[in-house]
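Starting off with a structure, shown below.
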C-alpha cells in the first residue's frame, strides 16, 4: 500500500508512545501531535494527550508554569523536542550558532527544553532535516543537556531521534545514538554521509515499519480530522499531499 | 486601581518610563499592542523586556524601533510566521543585550517575586549553557540532601507588567481567564497596566464564574479600553491573529527600510479590487 | 480520572489506606464529610493529616475516632463555634503527634511539591518557636546576600488530597472556583479524591467561564457525587454551616460518651413539636 | 454623648489606620473589621479593606496563599493579631500553655501570625481581655516574634496593643510597650494591676479619645449595616447593646 512520508513518521513515533498514560506535545509540532493522537486513538482513549496552545486538548488551567510543574510531578510520560543543532550526546541547541551572545545565526531560544529534557522520562527528538548542519559532532550552545553526571537529579532524557531518513535510539548508559531503523528508500551509507556525529549501527540495518492498513485508515480518518483545526496548512499540503515514491 | 475612570492608551504608555523593566506575554497570551505602538511613537528608550516566558511581535517591534536595552526571555519568535527578524538582526549586531532563559526559570523567578523571596529552586536545567551565561543564577548543594546540585534562580520583579485581556470591570478588576501567567506577572510586578476589549459595569469578583479567572484591582494601576487591542496578533477565545498582516510584517521587517515603512503604516492601505 | 463512571463514597474511602498522609481543607473551603464519616466507619488508622492550611471538624472527628497518628497544621479550630474539643483533649493526652506550622509554610511546602523541588524559601517566621520544634525545617544563609538568615521549608507531598466542591463534570474535571488551595493540594498530592454537589455532562474545561476555576481530570483519581456533602459544615456559595448541629457537636464532643453518641447519630433525631 | 465600649475601641483602632492604602482583617475580628470599615468610610473609599473569609470584601482569587504573598509584596499596610498570651516584647502565643507539645491548655494554633507579624508594617494587637493571664512577662510558646535581631529580614511588626482597658504603643527600638491612653473609666493603677509585663507610662496618662458625634453616626449607620451580614450576633449583642457607664 502506498503511503506518504509523514504517515510513516507519524506511525513510527506513535509506536514509541503506545502504553503511556500522558503525552504532551508542543504547539508547532504536527508530526508529534499526529503521533500522539494516533497513539491515543489506539489506546481507546486511555492515553491522555496534551497539545500546548490548542484550546481543546490543552488541559492546563494554572498558567504557563503548569506544564513544567506537571512534568516535575512525574505526570507527563513523553514529550518532543527539536534542535537547530543536535549532537551525538543528544545535546540540543535552540539558541544560535557562530558566536554567543552575538550569534551570527540566531534561533528563537531554548523555550522549556533545558528543563523538560531532564524531567520527562521519554523525550523524543524530532527533526525533519537530516543533514550535517543539524546533526553535528558538538552543538555550539547547549540549550538542554542530553546526559548528566550521576549526581544530577534527572528523571528523564532522550529516548530516540526521528528524522526524514531514519530512527536512532539513544543509549543513555553509553551516551550514544544507535541506528534503529532506516526509512524505506534510504540506506546506512546515505545516513552516515549526512550525519555529523558518530553513532552505532548494527551489521544489518532494519527498515522502518511501513504503516499498515489499519494505521493508515486511522491517520487518514480521525487523526487527520482532529489535526485539521490546529494544523490546517500541514494537513492540506502534507497529509493530503503527494505519496512517497514506491520502492 | 480604585478609580472608576478608564485611562487612555497614551496615559498607560506614559506610565512606562524609559529604562523600565517591562514584562510582556507571548503572542498567544494577550498583547497590549496599542500601548506598544504608543511607546514606539513616543520614542521610549532603554526598556528591559522580560518575556512571560517568551516574546513575539511586541518585542520585535520595540527592538526594531530602538526602544530596548536588554531582553530576558525563553525565546523570541513569531511562531508559525517564522523567526523574529528585528530580534535576529539586533542579536547579530550586538544591539541588545540578551539574557537567555528557559520558560520554567522565568515562571520561577516571577513566583519568587510573587512570594517576596529572594530566589526559587528549580530542577532540570543543569548542564545547559544557559547557566554559564547567567552569573545571577546559582547552583548550590541542596541542603536537604547530600551531593545534589540544585539551581537557584533569583526573583524577577518587573517594574511594569503590561498585557491585554478580553474583559475588565469598572472597579479595575481584570479577567485573565486561564492565562494565569498574566496574573503571576501582575503579582510579581510593581505596577500593572492593562488594555481590555471591554469594560463591564458588573463587579467581576462578585460573579463566581468570573472571579476565579480575575486579577483583583489591588494589583492593577491602570486599565484602558482597546477593542481589537491585540491586533495584529490574536486574542484567545476572541479573534485569531491577522496572518496576512503578520506575514506582511515578516517580509517588510527583513530590511531596515521595510521595517520603518511598516511602523509608519502597520495596516496595509486599502487597495481597490483588481479590475477584471 | 478518565473514566466517565462516578464512584461511590465507599469507593473513595477505600482509596485512603491506613497510614496515608491526607491533605484536608478547613471548614470554609470544601470538606468531603461523607468520606470522612466512611473512614471513621471503617475504623481507619494512623492517618497523617495535613491542614490546607488549617483544619476543623473533619480533623476533630477523625482524631476523636482514633483514626489519626499525626497532624501537620497551622491550626485546628471549629471557628465561631469554639475550640476543637477532641483535638484539644488528644493534645493534652499526648494521643496524637502535632506538627505545628503556619499557613504560609504549608502553602509553601505544597508549592514545593507542586514544583517538584525539595524545599521552598519563606520570609517571616524567624524567631517563632515553630522552628525550634520542626527539625525538618532549615534556616540557611541566603546565598544571594550576606548575613541574611532565611527559612527553608521542605516539600509537603500528601499521599492523598480529599475535598468537596460545588461542581464536577463527567470527564473528572473538578470546579474549585476561587478555592485554589484545593488545586494546589491536588497538584502536590499523589492522588486526589473529590466529592461534589453535582456532576455535569458539560466539559468544564471547554467553558471559558468555568475553566479558570477548574482542576483538570489529569490530577483527579476519583469523583463521587454527594449532594449536601459538606454537611454539617457549609459550602461556599452553596449553603451555610448547620450551626445548630455544630453547636450540638461541640457540646457532645466535650465528653467521650457524648462524642461516641454523636458519631453514632450525627443528625439529631427528629423530635415531635412540643405540645402546647 | 453616651457611647458603647466597642464604639470607643472601633474609633480608637480606626484612628491608627487613617491614611493607609490597604488594611486586611482576619475573619473573626469584629472590632478590627469595624475599625477598618470606619477608616475606609472616612477615606472616601480610597482605602482598600480586605476581610478574609468574607465573600464581598475578600479580593483574593489565587487561593489561601495569596494573602501571604500579597503581604510579602508589600501590598498590605496593616493587619490585626490577637494572642492567648502576649508578653512585654510583643511576642504572641496562639499555641498553648503548660507544656508543649503536650499542652495542658491548647489553643487552635499559630495560623498565619508567625509570618505576617514580620511582613506587615503596622500590626495591631487586639485582645479584649486585659488580665495577667493574657498579658504575661514571657509567653510560653512564641507563635510570632515581636522583635528580631537586626540581620533578620523584617518589614513589619507590632504597632500597638488595644485592650478593654487601654492602648499601648509598641516602641520597636526599645522592644517595650508604652501606655498611650487609658479608656474612660479605667486608670493606670488598675492597668498595672492587671498587666503581667512591665511597660512605660508617662507621668500623666492620657485618656482615650471618646468617639465624636460624626464617628458615632458612621459606626451606628453604614458601618453597623456593613458588619451585620458577617457578624450578625456581634452587631445585635454588642453594637446595638448596652451603652458604657457614664463617667
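For clarity, chains are labelled A, B, C and D in written order, and residue numbers in each chain start from 1.
Note that contacts are C-beta pairs under 8 Å (C-beta built on N, C-alpha and C of every residue); 3 or more make two chains touch, one makes a residue touch a chain.
Bear in mind the structure is a predicted one, so any value in this text is a computation, not a measurement.
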Required steps from subunit A to subunit C (each step between touching chains, minimum): 1
Fewest hops from subunit B to subunit D - one hop per pair of touching chains: 1
Whole-Å gap between the CA centroids of subunit B and subunit C: 37
Centroid distance [mean C-alpha coordinates] between subunit B and subunit A, Å: 29
Whole-Å gap separating subunit A and subunit D, where each centre is the average of the chain's CA atoms: 60
Overlap residues in subunit B, where contacts from two or more other chains coincide: 108, 111, 115-117, 122-123, 148, 150, 178, 180, 183, 211-213, 237
Residue numbers of subunit D (touch at least two other chains): 60-62, 68, 72, 119
Subunit C to subunit A touching residues, read off their complex: 2, 113-117, 183, 187, 205-206, 211-219
Partner subunit B, residues of subunit D touching it in the complex: 22, 45-46, 48, 50, 56, 59-62, 66, 68-75, 119
Subunit B-touching residues of subunit A, taken from the complex the two chains share: 27-28, 53, 55, 60-65, 68, 72, 94-96, 100-104, 106-119, 141-145, 147-148, 151-153
Contacting residues of subunit B [partner subunit A, same complex]: 28-29, 52-54, 73-77, 79-80, 83-84, 87-88, 91-94, 97-98, 100-105, 107-108, 111, 122-130, 133, 147-150, 178-184, 236-237
Interfacial residue positions of subunit B with respect to subunit C in the complex: 108, 111-112, 115-123, 138, 140, 142-145, 148, 150, 152, 154, 176-178, 180, 208-213, 237
